[in-house]
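Here chain A shows up in two complexes: once beside chain B, once beside chain C.
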Partner chain A sequence: MRVFKCALRVMRAHLIFPLVYIVGLSFMGLFMAMSFSFGQADEQFQPARGEYAVVDRDASAVSQGMIDALSAVGDKVEVADDRRAFQDAVAKGAVDYLLVVPEGYGDAFAAAAREGTDAPSLDVVFSYYSAEGAYLDEAVGSYLSAVRTILAAHPTATLEEAVDDALDAVGHTAQTTILTTDAGMTEADRFLFYLQWSTYTLFAGITVCIGVLTATMGRTDVRRRSLTSPLPFISYNLQMGLACLVVTAFAWLWTFAIGAIAFPQAMTSMTVAGVTWCALSMFAFCLIPLAIGFLLGQLSASITVSNAVGNICGMVISFLGGAWVPLDIMSPAVLQVAQLMPGYWYNKACGLAAHLNSVPTLDAIVPILQSMGVLLLFTAVVLVIALLVARMRTQTSTAGGNAAAHTAL
Partner chain B sequence: MWNTFKYTLLWLVRSPGIMVWSLLFPLVLTSVFIAMFGPLDDMAQLEPMRVVVVEPDDSVEGQAFKAFIDATSEGDDLLLDPTFVATADEAADLVRKNADTDDPYIGYVTLEQGKPHAYVVGEISMGGLENLKCSILALMLDEYTARAYLAEELVSADPAALADPTVMKALFEPMEATVQMQVTEGQPKESTRFYFALLGMAALFGGGVGLAACQRLKGNTSALGARRTIGATSHARAVAATLAASWLLSFACLAVAFAYMEIAGGVSFAGHEGACLVVVAAASLVATALGCALSAIPHLPEEGKNGILTGVVCFASLFAGLYGQPTMELADTISATFPAADIINPATQISQAFYSIMYYDTAGPLAEHLGILCVMAILLFLVSASSLRRQRYASV
Partner chain C sequence: MNIVDVKNLVKRYGTTLALDHFNMEIAPGEVFGLLGPNGSGKTTAINCILQLLTYDKGSIELFGEKMSPTRYDLKRCIGVVPQNVAVFEELTVRENIDYFCGLYISDAAERRACVNDAIEFVGLQDYVKHRPKKLSGGLLRRLNIACGIAHKPELAFFDEPTVAVDPQSRASILQGITAMSERGTTVVYTSHYMEEVEEICSRIMIMDKGRTLAIGTNAQLKIMTGIGERIEVDVLELPEAARAKVQGLDCVQSADYDGHVLRITCGNGQHNVSDVLGILRTFDVTPGRIWAEPPTLNDVFLEITGRDLRD
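Showing the complex of A and B:
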């Protein structure tokens, strides 16, 4: 097992790569999955809330009532009354909705309401989450419409009375209940998101580590030395393969384990079978970057190149697996491409596995196996290419074999 | 000096590893972003919400409710896309059956004792808009309920109140109280922030250029460096020419990525290209300085330094919000809670510098970010100064 031990020593000498890529980057996924907040857990419907700011130059009962009406659907953020502050608030996304109430608005509004003419307009600014802005705008419209109606119906009512009555009317809300469906979000989804995101870290990490390992062991003079040794070629290759597998297994176990430790609630909500199949799917996925790293090593790619390939492919695969933006809002063309990529099948397998019963039936397991099968096929294809390249490379003068002697003649 | 500059540049351009990072990487990711955010920007305009409505009865309330649903599902900016069914059970079945499909209903509405009641699905997908849509539906029904209550009150106080056309108009005509205005030069688009974060990341990966060039400058880190120490060019000139070549290459690659973003990606920089190129120049300077600083780490092979560079850049970009929607929200939270984290993060500074060009009409914020970037570059150069100056290697 000398080759195997030597390969692990090489890995130890390049410890910075597993440290940065496998250990370091895995925390990125953790951060992100932890930052997720899920709306509601049970029957109680919690309406969305937006961030709003009201610049009140009027300070009348009407504008005060607007702030009260908005407080039911959002959280107030203070914004100073100058253009730079407005730009700051909107550009940095501190507010979704910025409302400017001009001076004398309350009186002008009351006069218009009593005469039945169009109300004076208010300036609003939406931030880039424009849907939230529209939502908050609706609340303002609803409140103002109530004030208008009361003022029109009771010409003698004061502005304060009208505002109080309007707020009372707006307080009469319809009932909203959560309808339970099978598609609801659970803690397991947080873990699933972590698994989905780890496609990037796993892909980049394993590709780079294996690329480094095979490139270092495949240098011309090292190959020459090992070829002249009495060690059978098959044994050499098996030991190298074993070393690659150990590195991959480390990446797999580390990534899965810290996910499991960080999300204990998800673990308890999933069955043992579910967790096991998730872990197996992840391992099947890990084999793809293993094969790619091996291929890069055979192409004698430099470490910088395997670094770049690992990162770029990792990002593209995680993106096409839906880790950046949910896949269901992508265009159909992107979706079709996504299905040709391993990230999609890995997520499918994990998604199915996470919802397994404690004693899964064969019908539930088969689709997971199919997705894993696709992943293994990806591995097989890359591996075959890598072996072909390796075969062709042994015939070149730099590979350390007989070809070098031929060229010398 | 000119020769040093020329051959450093040529060597850098001919190194595949370096060009992959500084040129191919931003181009590939920009293409990915174009595919990703094209549909997302269209989505910001809310599509009508698919909702199941239990056919109301023929009572007064029922007719009023039917009229309300019809009013919200007709015209140009319709809000609802209703499907009518006969009973609440049927409605619930239909919603449940479609929950897992590509075209789910957000819930169903029914009239219970004359009052609307919404049954909504809540949040059913990660990062989806269901909860917001449900909230908008709830708010619409709230508005309807409030209006019905108001009408009832008016009639009970004064049965003739509704005969007044002004009151009728006030009660039933849609309120158009607000006008959208713009305080920023361009309307902020969510996707633009991702492109800027990407430019930040791509710029920092350009640090690989500076790193590789510095490694080939020092006598103890590469064979080329060892040869160069006995050359006739003075060390100061060699350093200056090497750094200038690395900076120029990072700048050129980033400028190409920037142009690609504008032409192929359709990201509009609205006539501010000149200012953007200034930011690109400053960003490349920080990247080159970062590469130099990393190259100063002793007893670590070049690959190790490259690994550290990748790690640093990935983390910096994470906090600049590069990796998709959830990250952007995380980055927003962090910059709101710890503003200091933004100041030390070059990726955030770069993307915010672009941002300030687009969304402020004064040069103040841009100058601020450029200033911070220059300070960063100076600090990083200072870190590497001791290893860049002329020194003795393995001397007796």
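Showing the complex of A and C:
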């Protein structure tokens, strides 16, 4: 197992690549998945509350009603009746809404309501960008509108009665319940998103790691030295294959395990069969970058080229797999192209696997197997190309003169 | 029984004939020098012997048995020190030697002893934990050699192992190869440095265009080409008649006078210097400095392969 151990030592020397691509990107995917708010079905609806200040220079029933109306939807903050204090409170964000009720406002408002003329104006300050401020202003507006309506409709009603009735009217709120649909966003969906995004992690990580490993081990000089040794070719190739598989398996296990640990509820809400088939689909996907890395090694691609191929192809495949933008909103033409990419079939397999029952039927498993089959076909095609390249490389070097002889095998 | 026995080897690269019925026999314990201009077929011959290249015709026997790519028993007895430094940048000096030695020796204890011996042999004790990037050119070459000979091969191929190394490292490498030979290892040594080959090789082959042009010991090659010594005499004035008389000597191949120095190239002869001086005396020419140099392997090489520039 000398070659196998040597390959792992080589990989250890290039530890930066698995650290950046596999560990780093998997955490990035994790944070992205966690940052999504898919709804919280187990909590009650809580309306937003803003912070307000009222400077009541009127002290009438109407102004007191405004204070009561505001207290139902916000939290009061004390602000001194001073122009500079107003500016500070608003500018520094101490309040979302500042209301100044001028002296005599209540009487003027009642008279205007009974006569049907325009209501007197209030001094109100809130930012156009503050949703809370607009919401609090709307609460005051609703209350005043209700008072005005009651006074107009009942000319005999006292101002205090109108205020009470208005507060009673605006105090009624609609009952709110959060409902989740069957296709609702759960933690399992976050996990599924993480798996989708992992196409980039896995593709870039495995391609770069395997590319670097095979290129280093296959460097003409050292490979020739190995070939002059008594180590059988098949043993050499098998040990190299095993090393590549170990690196791939690490990337797969790490990526999947991190997701499983970060989303424990997803693990409990999904069936064992679902989790298992997701993991298997991920492994089938991992074999594609393994083959591409092997191809890069046969082409003697430099570390820079391996990085470029891993990143660019990883981004394209993950994008066309729907990891960055949902496939639902992509145009039919893009969807057709996406079907030619492995990311699409991987995500399809994971999506189907995530909703498997505990005892899945054959009908449920066959589509997953079909998607995995497509992934394995991708791998087979790339591997065949890589083997052809390896063969051509040998043939060319033995057919091109003395300089070429130096690069043989 | 020869250690290496190559008969009528033919190798073509497309339409180019790299080896043209090439023959080579190397006896046990020999340090065999393989010389030839660039593109003469040296590396191709070695690659064919090592089964890194296929060949069109001929036979290769090592240790009296037919060599093939799957003769791992024969490969176990061979060590290769390639022209380019073939080590892993990612491994330390010890790890590199251990890896390549491990391809030959599976027993850990035996391998450890061999690796230690190899490190001592090339004098890399102070650098065992260094990575190749931190080694100088000479140390790298020594590491390259250690990787090739750590398993104590019976037959070792050294392909220009002293390229771009300083004189001290070169001397150390040559000393090591001589020591290996004294321990019974058969060595095939290729180099463009003629003085090295002259110094360590017991037999030398000069090849060109895939064919053997000459083979023999250093002395045999010099006799074979008919080149004797080269004589230079400082004289202030030399009559043309004197120069013509010198030129007329049987042993003299050429005699040129450039105004201060008389340069004479001799063939094989017993009394070249005294014959030349006798003629000068008869013309009352008093020589200043007299300098006689025996022929070098370089002279032999150029005589055999020609002085035309190669690719």
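FYI, the second predicted complex is superposed on the first by the 252 of 409 C-alpha atoms of A that agree within 3 Å, B and C clash if a C-alpha of one lies under 4 Å from a C-alpha of the other, contacts with A are read in each partner's own complex, and residues count from 1 in each chain.
Operating definition for what follows: a residue touches a chain if its C-beta (ideal position, glycine included) is under 8 Å from a C-beta of that chain, and two chains touch if they have at least 3 such contacts.
Keep in mind it's a predicted model, so treat the numbers as computed, not measured.
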First, second, both or neither for A:237, with chain B first and chain C second: neither
Most chain A residues touched (candidates chain B, chain C): B
Which of chain B and chain C A:265 touches, first, second, both or neither: neither
Touched partner set for A:14, first chain B, second chain C, both or neither: both
Which superposed partner A:158 touches (first chain B, second chain C, both, neither): neither
Which of chain B and chain C A:90 touches, first, second, both or neither: first
First, second, both or neither for A:357, with chain B first and chain C second: neither
Which of chain B and chain C A:336 touches, first, second, both or neither: neither
Which of chain B and chain C A:6 touches, first, second, both or neither: second
Chain A positions touched by chain B in one structure and by chain C in the second: 14
Chain A residues within the chain C interface of the complex: 2, 6, 9-10, 12-14, 216, 219, 221-222, 224-233, 398-402, 404-406, 408-409
Chain C residues within the chain A interface of the complex: 13-14, 16, 18, 39, 41, 43-44, 47, 50-54, 69-70, 72-73, 75-76, 78, 80, 82, 84-91, 95, 99-100, 102-104, 147-148
Complex interface listing, chain B residues touching chain A: 15-18, 20-21, 24-25, 28-29, 32, 35-40, 43-46, 92, 95-96, 99-100, 102, 104, 107-108, 112, 115-129, 131-132, 134-147, 149-150, 153-154, 158, 161, 164-167, 169-171, 174-184, 187-190, 193, 208, 212, 300, 303-304, 306-308, 310-311, 314-315, 318, 323-327, 329-330, 332-333, 335-336, 355-356, 359-362, 364
Chain A - residues contacting chain B, complex: 14, 16-17, 20-21, 24-25, 28, 31-32, 35-36, 38-40, 45, 47-48, 73, 83-84, 86-87, 90-94, 98-99, 113-116, 118-119, 121-132, 134-135, 137-142, 144-146, 148-153, 169-179, 181-185, 189, 193, 197, 200, 208, 212, 302-305, 307-309, 311-312, 315-316, 319, 323-326, 328-331, 333-334
